[in-house]
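Below are two complexes that have subunit A in common, paired first with subunit B and then with subunit C.
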Partner chain A sequence: MLGTGILKGMVETAKNFAGSYHDPERLTTVEYPEQRIASKENARQFPFLVHDTEDPMQGLRCVACQICEKECPPQCIYIVKSKDKRADYKGQMQLYPVTFDIDLSVCMSCQICVEVCPFEAIKMDTEFELSNTDRFGGLLVNKHQLAKSNEHYRKIHPTEAAVSDDALAIEVAKAKAKAKADVEAKAKAAADAKAKAEAAAAAAPVGVAATAPVPKPSAPAAAPAAAPAA
Partner chain B sequence: MAELFAKLDQFPVTLKAWLMNLLQGFLPEWTLPLVSAAISITPILAVFPLMFALTTVIERKGLGRIQNRIGPNRVGIPLTNIRLFGFGQFIADGIKSLIKEDVVPRAADKVVHFLAPIALLIPVLLTYSVLPFGKNMVPLDLPQTGLLFFFAVGASTELSVFMAGWSSRNKYSLLGAMRAVAQMVSYEIPLILSSLTVVMITGTLSLTAIVESQATVHFGFLHNWHLFTPWGLVGFFLFLTAAAAEANRTPFDLPEAESEIIAGYFTEYSGFKFAIFFLAEYLGLFAMCGLGITLFLGGWLPPVNIAPFTWIPSWCWFLGKLSALIVLFIWLRGTLPRLRTDQLMGFAWKFLLPMTLINLVVAALWHLLANNIPLVARWPLGFAMLAVPYWLLGRSFEAKFTKREYRFAN
Partner chain C sequence: MDGTQFMTFHDLAYDAGKTDFQRKAEVIGVGREGELLEVAMGPQHPSTHGVFRMDVVLDGETVVKLKPVFGYLHRNHEKIAENTSYLGSMPYTDRLDYFCSLTNNWAYALAVEKLAGLQVPERAEYIRLITAELTRVLNHTCLAGFLLQDMGALGTPLMYAFREREKILDLFESLTGARMMCNYMRFGGCRCDLPAGWLAEARKVVAEYPKFLDEFDALLSGNEILMARTQGVGKLSAELAINAGITGPMLRASGVDYDLRKVDNYGIYSRYPFRVPLGDHGDVYDRYMIRMLEMRESLKILEPALKDIPEGPVVDPKAKLRGFRPKPGEAYGRIETPKGELGFYLISDGSPNPYRYRVRPPSLINLTILEDMCLGQTVADAVITLGSVDIVLGEVDR
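Now for the complex of A and B:
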């Protein structure tokens, strides 16, 4: 009959009305400034610069390569390279950013800077209360404001941070292995040179012919055979 | 005890008489009617806009609860932590609309654009002049033409709405105004025809006399509200439906359908002019509810003639019934979706109009057979005479769901 649907609907809304008073589970919203919902792990708002040491400015991972500056679609990043170099987290000498500014009013939270950074130096923050009373200076965020520790990153994006930490650990291990290999190679080279010098000193009276290598017989034969085929 | 309550009941009347006596001493003779009118108007201008202000907050809170939200609960007393459950909101809203920039479109007809909100508010306020708010409390008692005055003045709001839509020189405004005029003209007929039953039974157009005609008592305690008769019951719901359409309330809010035509005829209004439209709309709704109360719900009469009910002042009964109807309209707004224009027109002409005409016949029979058939038989007979056409007419308006056939998909 006409009207039964209206009555059914009115019963439903009356249930909602009464239910919202005694059953807090029904309420889909929270009273924001006082009550907050923990941010989702995949939330992203605005980039920050990761640093590893106590002093944020010394430990910035950023090497001022300017890839993010070039890739940024709305062009909101501004970087000035340093003249000198300093050791990065794995001991390699690198440039560092003298100026690193991001314009908050232009940034569109696309995360492309994060995707392109080869140094795990820029990441997305979940902080969303970014309002400011100064609409010119206040919205241009400099590197002091952007620098946040790796612990902060681990806290807001645990999964991503673990991946990033692993990648860096591999890099550090590689660098160490290389350094070790370099040291060994240097030592070996030094030892070789020493041995050579000693051997040369010892062999000098015998003659030059003794040190010259004996050519293998097959090598000259193979070379002409390969030539016509090419 | 009862005398004290009777004094409280007549307090506004005695206060006015006392004031007039006081002023008679030093005011010239010719100013006295004007002063008397001003004193009568003052409570209307104080009570109903205040009621509107509170309704805006209650409506937002109620709609929020209906949608499982909390609703506004922040604004209380400024510079303190007292929040008053958000009931300071209307003051903040009022201040906001007062200090907002008033933008008038360059192409608008500026004079008409300016006059439209005023021309809407004044007739709406005039309708209040004939409503009896309590015992002996009617600002303008028109014994010959009370109801006619109400409808005549109320109908002139259509002109103001069209003024607003036309002068804005905006397609959405014009569409909204055309919709509003079409809707108001269509629903005016069922509205008047459903009220006509009461006029037919009571034989008077005076709203005061209509209230007094409901003061007779059934079974020793029950007041003879017209709602308690079959034609009154059906007539009241027909009246409410038509009143909702007249006041542009959901589900008949097509003239200002936000999702379709921005804000309808007041799209190009901002600042306090917009607030006046808003105010006029709600005051129009309250006036319609007030008329419905007067015609069907016994006006300022209590439902039963028993001591504690009769002690409550008559104006409290009126305001209480008005609040109940406002809550009903908020509840309906939270429940029903908006109609389509063809559904709206079809509902007015194919359902409401025949139903009100049948209702007139039933009311006439109810009156003529009063001496021949006892009440016990007359009531079910009258009700059946209305229920059967309701069912027959309603069948064509029920939602029909058929299995959808896909010709190209699947």
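Now for the complex of A and C:
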């Protein structure tokens, strides 16, 4: 009969309409600014720079290697390297970014900067309310606004942060082991040199020893002083 | 209408040397100026699915000439890709057909994998199949909603469709981090493994989806108004479809059995049996029904695939993220996206950037025969014919 299809459709609409009053499954929207849906753990919106210490600028993991600047598809990152170096989280002397700007209006949230960063220094934030009243300055986000703590990262991406923390812990352990090995090696070298010099001094005739090995003791003397610094 | 010749797609090509004025004079003919009306539909017309213009010449309400004008959304995608690294083009492929970013990713990754000789691990193949089929379901759901919107069923079907689309988008967000611009596939696998609990959620969505399809079918497929509006409208013959290089559901609605999932057997499609629905008449109704049926077939693939997915790595260990330079050579990777055959043709000269990067967009090629489908029909039918082609302007204009 003509019209049955239409009536069948109307029944579906009526079911949905009636259902929306008592069946929570039928209510699919939320009243946004008041109600919010928690963001997904993997969600990515805009990058931030991770720092480890109290002072954000001192503890930035970024070493201004500029890989992200090069790899960024829309070229929205701008970095200026520092002239001097400072110790990073594992005590190695590294450069740091004097300027680190990301243009919010150009960034397309693709996460490639995060993937290519070898230092776990840049990560994606889940914050999405990024509108601004200042069209130019407000959308150019500088390193002071970008810096966020590692605790924040752990809070928004717990699974990822655990992996990242493990990787860094391994790096730190490696650096410590290497430093320790260096200290031991230097001390050993110093001891060897000292023993050699003493042996030489003892073996050689007194008159000759006074002239020849004079420069030698200076090297072992310098080594113990240098070891604690390394 | 006597004496007015219907112009076809092929005639337009011969027309190329003439000025607009000459062409118009030819179509209108001497002494008919007052009877024909030229209308520019778009580029900001709500029924053109984006910034797309149809220059239509009307005799009363009948279309006697239609010229699709596109390029308003041109972003220089191919040239940009030739100036960025291979990896850097991946997020740009999301923006081609922004409903189906995961299938775009897959087609591009496939081309680069052929070029660089990378192997995709088993688990990654499963993830690709699952996400691609979810994308197909998502795209066809949206299309059904939009098509009904074009026909004047304002609101209800589109809202029902978007309600379901949201569930799949939630899955994509928890997997890839973004709802639409997924940027998930990598050369030789996928970017990250599935998060905990994702498979269970996906199984739930897939298990509940047939309920929605039944509801949608009850709502619309038997509707007399829908049938009256769509049956016999925008007919496309199988011969013309093949000659014009049409692919995807449009080709199959004309009765041509051609599905790259069967023809190419890329990925792991050969492991799952599924049927390829074929149309009989090649009209708008067939194109609508083909998509409804394809969704059910996709769900048939998804259900076992979500059970079979093995453990293991998701990316080829040989694949390099930084400093990726494939050997000189060329490759063409193509897959069956929800809209048709999407292909990427790449030439490498051994540098970090492709020497040539070319996209074969299904939307653009399916759009080229719009005039042949619309001639002799009313303006309102031209609108739904365009709707049934299923274009996304991001892909048409690139």
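Criterion: the second predicted complex is superposed on the first by the 204 of 230 C-alpha atoms of A that agree within 3 Å, B and C clash if a C-alpha of one lies under 4 Å from a C-alpha of the other, contacts with A are read in each partner's own complex, and residues count from 1 in each chain.
Throughout what follows, a contact is a pair of C-beta atoms (placed from the backbone, for glycine too) under 8 Å apart; a residue touches a chain by one contact, two chains touch by 3 or more.
The structure presented is a predicted model; accordingly, all values stated were derived computationally and were not measured.
Colleague: Have a look at subunit B and subunit C on subunit A after the superposition and call it: clash or fit.
Modeller: After superposition on subunit A, subunit B vs subunit C: clash.
Colleague: For A:31, is the partner it touches subunit B (first), subunit C (second), both, or none of the two (neither)?
Modeller: Touch status of A:31: first partner only.
Colleague: More residues of subunit A in touch with subunit C or with subunit B?
Modeller: C
Colleague: By the touch definition at the top of the document, which applies to A:142: first (subunit B), second (subunit C), both, or neither?
Modeller: After superposition on chain A, A:142 lies in contact with neither partner.
Colleague: Touch test for A:20: subunit B only (first), subunit C only (second), both, or neither?
Modeller: A:20 sits against subunit B, while subunit C stays out of touch.
Colleague: With both complexes overlaid on chain A, does A:3 touch subunit B (first), subunit C (second), both or neither?
Modeller: Touch partners of A:3: subunit B and subunit C.
Colleague: Is A:124 touching the first partner subunit B, the second partner subunit C, both, or neither of them?
Modeller: Only subunit C; A:124 stays clear of subunit B.
Colleague: With both complexes overlaid on chain A, does A:115 touch subunit B (first), subunit C (second), both or neither?
Modeller: The second partner, subunit C, only.
Colleague: Thinking of the overlay built on chain A, is A:40 touched by subunit B (first), by subunit C (second), by both, or by neither?
Modeller: In the superposition, A:40 touches subunit C alone.
Colleague: Considering only touches as defined above, state whether A:105 meets subunit B (first), subunit C (second), both or neither.
Modeller: In the superposition, A:105 contacts neither subunit B nor subunit C.
Colleague: Should A:159 be classified as contacting the first partner (subunit B), the second (subunit C), both, or neither?
Modeller: A:159: touches subunit C, not subunit B.
Colleague: Report which listed segment of subunit B has C-alpha atoms clashing with subunit C; options: 152-160, 170-178 or 188-196.
Modeller: It is 170-178.
Colleague: From the superposed pair, tell me which subunit A residues show up as contacts to subunit B and also as contacts to subunit C.
Modeller: 2-3, 5-6, 9, 12-13, 16, 28
Colleague: Under the definition above, what is the set of subunit C residues touching subunit A in their complex?
Modeller: Result: residues 84-85, 87-92, 94, 156, 160, 163, 166, 170, 173-178, 181, 183, 191-192, 195-196, 215, 218-227, 321-322 of subunit C touch subunit A.
Colleague: Using the touch definition from the top, list the residues of subunit A that touch subunit C in their complex.
Modeller: Per the touch definition, subunit A meets subunit C at residues 2-6, 8-9, 11-13, 16, 28, 40-44, 67, 71-73, 108-112, 115-116, 124, 159.
Colleague: Report the residues of subunit A in contact with subunit B in the complex, numbered from low to high.
Modeller: Against subunit B, subunit A makes touches at 1-3, 5-6, 9-10, 12-14, 16-17, 19-21, 26-29, 31.
Colleague: Contact residues on subunit B for subunit A in the complex?
Modeller: 62, 65-70, 73, 331-332, 334-336, 351, 390-391, 393-395, 397-399
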